[in-house]
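The two complexes that follow have chain A in common; it is paired with chain B in the first and with chain C in the second.
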Partner chain A sequence: MKGRITRRAFLKEAGLLTAAAALPLGLVNVAWGKKPTDRFTFAYISDCHITQIRGTEFVANFDKGLQRAVLELSFLDPQPDFVVFGGDLAQLGKVAELEHGLEMLKGVTLPIKWVIGEHDYYLDLGEYWQKHISPLHYSFDHKGVHFVVLNSILTDDDWTHNRWPTAEERMHQMARLDNPHGSPFMVKREQLAWLKQDLAKIPRTTPLIVLSHSPLYKIFKPWNFWTDDAEAVQAQLKQFRSVKVFHGHVHQVLYNQLGPITFNAFMATAWPWPYPVTYSQLPNKVPELTVFMNRADPFKERDGTGWGSVQVADGLVHHYELWENSPRTVRSPGAGKRPEDTVYQDPAKRIPPQTHY
Partner chain B sequence: MAMRALLAALLGLAVTFGSLAVARADEFTKDDLKKWNDAFTAVRQEGEKVFHSSTLGKNSVSCDMCHPHAANTHPETYPKFQKQLGKVVGLRDMINWCIQNPLQGTPLALDDPQLIALEAYITWERRGVKLAPGKH
Partner chain C sequence: MSRTVAGAVLAFGLALAGVPAGTFAAPPLGLPPVPIPADNPQSPEKISLGKRLFEDKRFSGDGTVSCSNCHDPAKAFADGLPVAEGIRKQHGARNSPTVINAAYYESQFWDGRRPSLEAQSKDPFLNPVEHGLTSHEPILATIRGDKDYPGQFRHAFGVEPAALTIDHVAKAIAAFERTVIAGDSPFDRYLYGGERGAIPASAIRGLDIFRTKGRCQDCHSIGQTTALFTDNKFHNIGAGFSRIAGRYLQVASAFRKARQQGKEVDKSVITDRDASELGRFVVTLRPSDLGRFKTSSLRNIAVTGPYMHDGSMKTMEEVVEFYNKGGEQNPFLDSGIRPLNLTAEEKADLVAFLKTLTSPQYANLAQP
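After this line comes the complex of A and B, so read on.
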């Protein structure tokens, strides 16, 4: 980009730039402030699921997703202020997997803000993560925006500590998405108390961005697209005028709005998941605002794992670029209004692949 | 004599039909139903195990990682034209494609009990959904 440009032009150009690059990661433009220096972007990479087969052998497809994200991140111009890693770096929480993922992420020269996922946690209960990567929950301020990182993948003490004979078995059980012996995610009381304390210092007009691994609302319990004490978190967040929650975990395009809180999911670099409604044996729900991404083409290795960019300005524009699928743009039509898919929100306008199974 | 032979023949027929009546196809018993259901359930449950097994392929990836509860496998649409394979194929062919590619394994013989078990589990998870062969 050359010389001085207006904010509108900046956002437009940034949007076009990312659309042309086809990245398997998210780029978030934040432009709440009025001064040009207040504008910033951050990128989002999530759900890499690095899987060790044996020794130095890892699942190539998942490696490639992360490698591509790292490579293309380096091509972003302007460079984001920082990168958010949205959780699930490893598949079974092994040190070998975490370290292999970290090795690939060494290509990222920007600071990384880390969110832990359940696949990173349930082998050693976050020991390696806290020692070598990041605290499990924390907050920070950046150019007038208050960021809160929550560990939303905790669960009952009984499930965590008493149910399984070994740590490996606990990890295996948690790693299975459709596990009938699973347990719903929680933020838990201690962290809620910390959140209350953290937010008490912040004026209610401050823009708030919350980063979590699981969605901080309830979609489908049997697949753990679910945070059991989400309402308690939302009650604290609702005191703020504008709150954006960005999360991973669901491996699909998903968005929702509850009061002043907007929720947006980012896709995985590893593999896509189907929408819960494609499972016909249990009643389930996806937010009515969400227009589904098309079924991923299994013959395209990276299909359904695309990337998204978010512009958080006066409203919210979330653009999803999907491999071999039509791109989607989700926008708030006006201040305070709920975000909508700019093309397909009206079911009559949807192209057949969006409704088929 | 002829009359006696006829009576004997009739008696023989009665005995024959009488014994056949026990084995009539439309008179299977509750025990039969239980036996057949148990056999299916065992194969379906084996299919669930195989579906969640990290040893079906060679890279420790399992079917359920992409298809929790076998979702998005849409067995009711097969056989159908699979554009990427260029012909009409059955569910088994697509299962084998997944074993060869994301799982980097060796395709199963079409009569392999593991393949039948996988089909039983996948189809069971879509029970009640209307058949739509050929549909995309």
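After this line comes the complex of A and C, so read on.
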């Protein structure tokens, strides 16, 4: 039976691929921006985790992931307006890692909007990033859409400043998954005040897109898939009619909707994480809307990794480009409707997990 | 369920139709039942009609090319050439894959651009370097004017000559192709038949390498009870891809432009060697699919060379060496493809194993 289900799923998918290839841009008539001509796309690369071994030697696998994403972006036709880098360019925040990553990202000829991840931050607390790459939080407008970039990976001052003998030790503690010495992320009061001020200038009907590294909601505390003051951020965002939040950090396909706020995760170019529910019986809040990524095949380094693109129009179309796994498209139909996976929403259509290992 | 499995049909009818024995019988050792589409059930009349259509040279621009030119039963339903040779000795860009067990593929052509044998079989007629027709109409005209075909179509489909379409032709050819099934190889007798002496010790070692250090199993799948030796997926292993090295974007953009201007994929990939190397990309336009080609089954591999989508490798030894060095490096290389560090003996064992995949009906074609 397995063979037949796979076959059926394959045929459905083949249909989608053709549709996706032919699909989006020309077909969408209503744009989000002020003018009907203001539709646009942006691409998203995240969680590259460039890792230095020694000197000029870096982990080749992670290098290849970023290189591939950069190369594939150049094949997009039409080209997106800009690229979002979603954080965790480096693994241990070293200047050598950041610079090696930046060197590869020079292949992106489009403007890049930067979001900082905890792996980029906890060695020098964002000093290099702010000096050479980007501010840690900021906002900008593009074709009638207001974008807000938040630094969502802050922790309390005691953890950050007092607990560790060295900056390296702090970085090591933060770089570990499932670490009892870790600390949940926060946006923190100062940034919340800035956000309030920033949003005050914007009419509530303006489409809002928020870019953060960690999810601005709570999924699983033991892995720090968690932003402790997420509710305070959400309270501000909810005043807007339509809000989309895009984040990295979780290295997996994940989407959620809380009131008018739609959340979409992008996968990593480095490696895929499993979903918390596959790991333990501890309470977790993996969103009901999530349709799990087909489990990555450990035979292939690049399985479960990739990059994505987003079409901003009347509702969003979020396309996950998974390199060695089935591509996925999530649509938000708008007007308060929940985002839906275009193929796998129906459990019967999902590709069954591999069983031959 | 859109597919049904071929049931038992009277052997009597088969004998009359000149259809190979075993056509409707249980599948041979090592193979699952052949998937049969609900809208094209097998019948002896249809199969024997399909066989005749498959061999009819009149369905080509100069009357010299039939399906069996490139898929010659005497050459294990392949042609032994690196790339297909069509009318006026023109050469395409792709190697002719064997029809043997093609019924099990979930998509057809090296890039999977057609979902079924029915859809596949209509394309080569219209390809300028293959059969070279400009429409399917001459085929239907020939059939209508033939002394036997109208009666055969009536028996197979209950259709009168005036109502004939190319889809009837395609269905008959596909029905015939679904009878070109071959299992029961020494490997099958060894693994599924419990015949311990069916393959030599070197091949047994080779099977182990195939499943472990050689990393072959992941794509050329061997199941618990049957083995198709394909995952029905598409992979970039780098073969032939260096042809467009450094020009990926340029070639992809040119192809995309040609497609937007209405040029058919089938014509592009057969007539344009650069476009051919784009692989699965030509179907999906996904950059991730650049240079990916369908995993070929390995059954009867010893008698269906040369190998790869471009026929660039003559021998199995060459293919094993290619994988041993980790394929051909390129930015889109599948991440499962990596150097294997096989010893000379391990490589020889792998080849010995591949030689055990030849079915009895094609064993006479194997090199000693």
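Miscellaneous remarks
In this text, the second predicted complex is superposed on the first by the 298 of 357 C-alpha atoms of A that agree within 3 Å, B and C clash if a C-alpha of one lies under 4 Å from a C-alpha of the other, contacts with A are read in each partner's own complex, and residues count from 1 in each chain.
In this text, a residue touches a chain if its C-beta (ideal position, glycine included) is under 8 Å from a C-beta of that chain, and two chains touch if they have at least 3 such contacts.
This structure is a prediction, so every number in the text was calculated from the model and none was measured.
Of the two partner chains placed by superposition, only chain B is touched by A:I53; chain C is not. Of the two partner chains placed by the overlay, neither chain B nor chain C lies in contact with A:K196.
Greater residue coverage of chain A by touch, when chain B is weighed against chain C, goes to C. By the touch criterion stated above, A:W273 is placed in contact with chain B alone, chain C being left untouched.
Once the two complexes are laid over each other on the shared chain, residue contacts for A:F75 go to chain C alone; chain B is not touched.
In the superposition on chain A, contact is made by A:R176 with chain B only, not with chain C. In the superposition on chain A, A:R302 makes contact with chain C only, while chain B stays out of contact range. In the superposition on chain A, A:Q67 contacts chain C only, with no contact to chain B. In the superposition on chain A, chain A positions 61, 297, 299, 356 are in contact with chain B in one complex as well as with chain C in the other. Note for the complex: chain C touches chain A at residues 1-3, 32, 35, 106-107, 112, 115, 215, 218, 221, 223, 232, 248-249, 252-253, 256, 283-288, 290, 331-332, 334-336. Within the complex, the chain A residues that touch chain C are 3-4, 6-8, 10-11, 14, 17-18, 20-21, 61, 64, 67-68, 71-72, 74-77, 297, 299-303, 306, 321-324, 327, 356.
Contact residues of chain A toward chain B in the complex are 51-53, 59-61, 176-178, 222-223, 271-274, 276, 278-281, 295, 297-299, 356-357. Taken in their complex, chain B has these residues touching chain A: 52, 58-61, 64-69, 71-72, 74, 77, 84, 97-98, 101-102, 125-129, 135-136.
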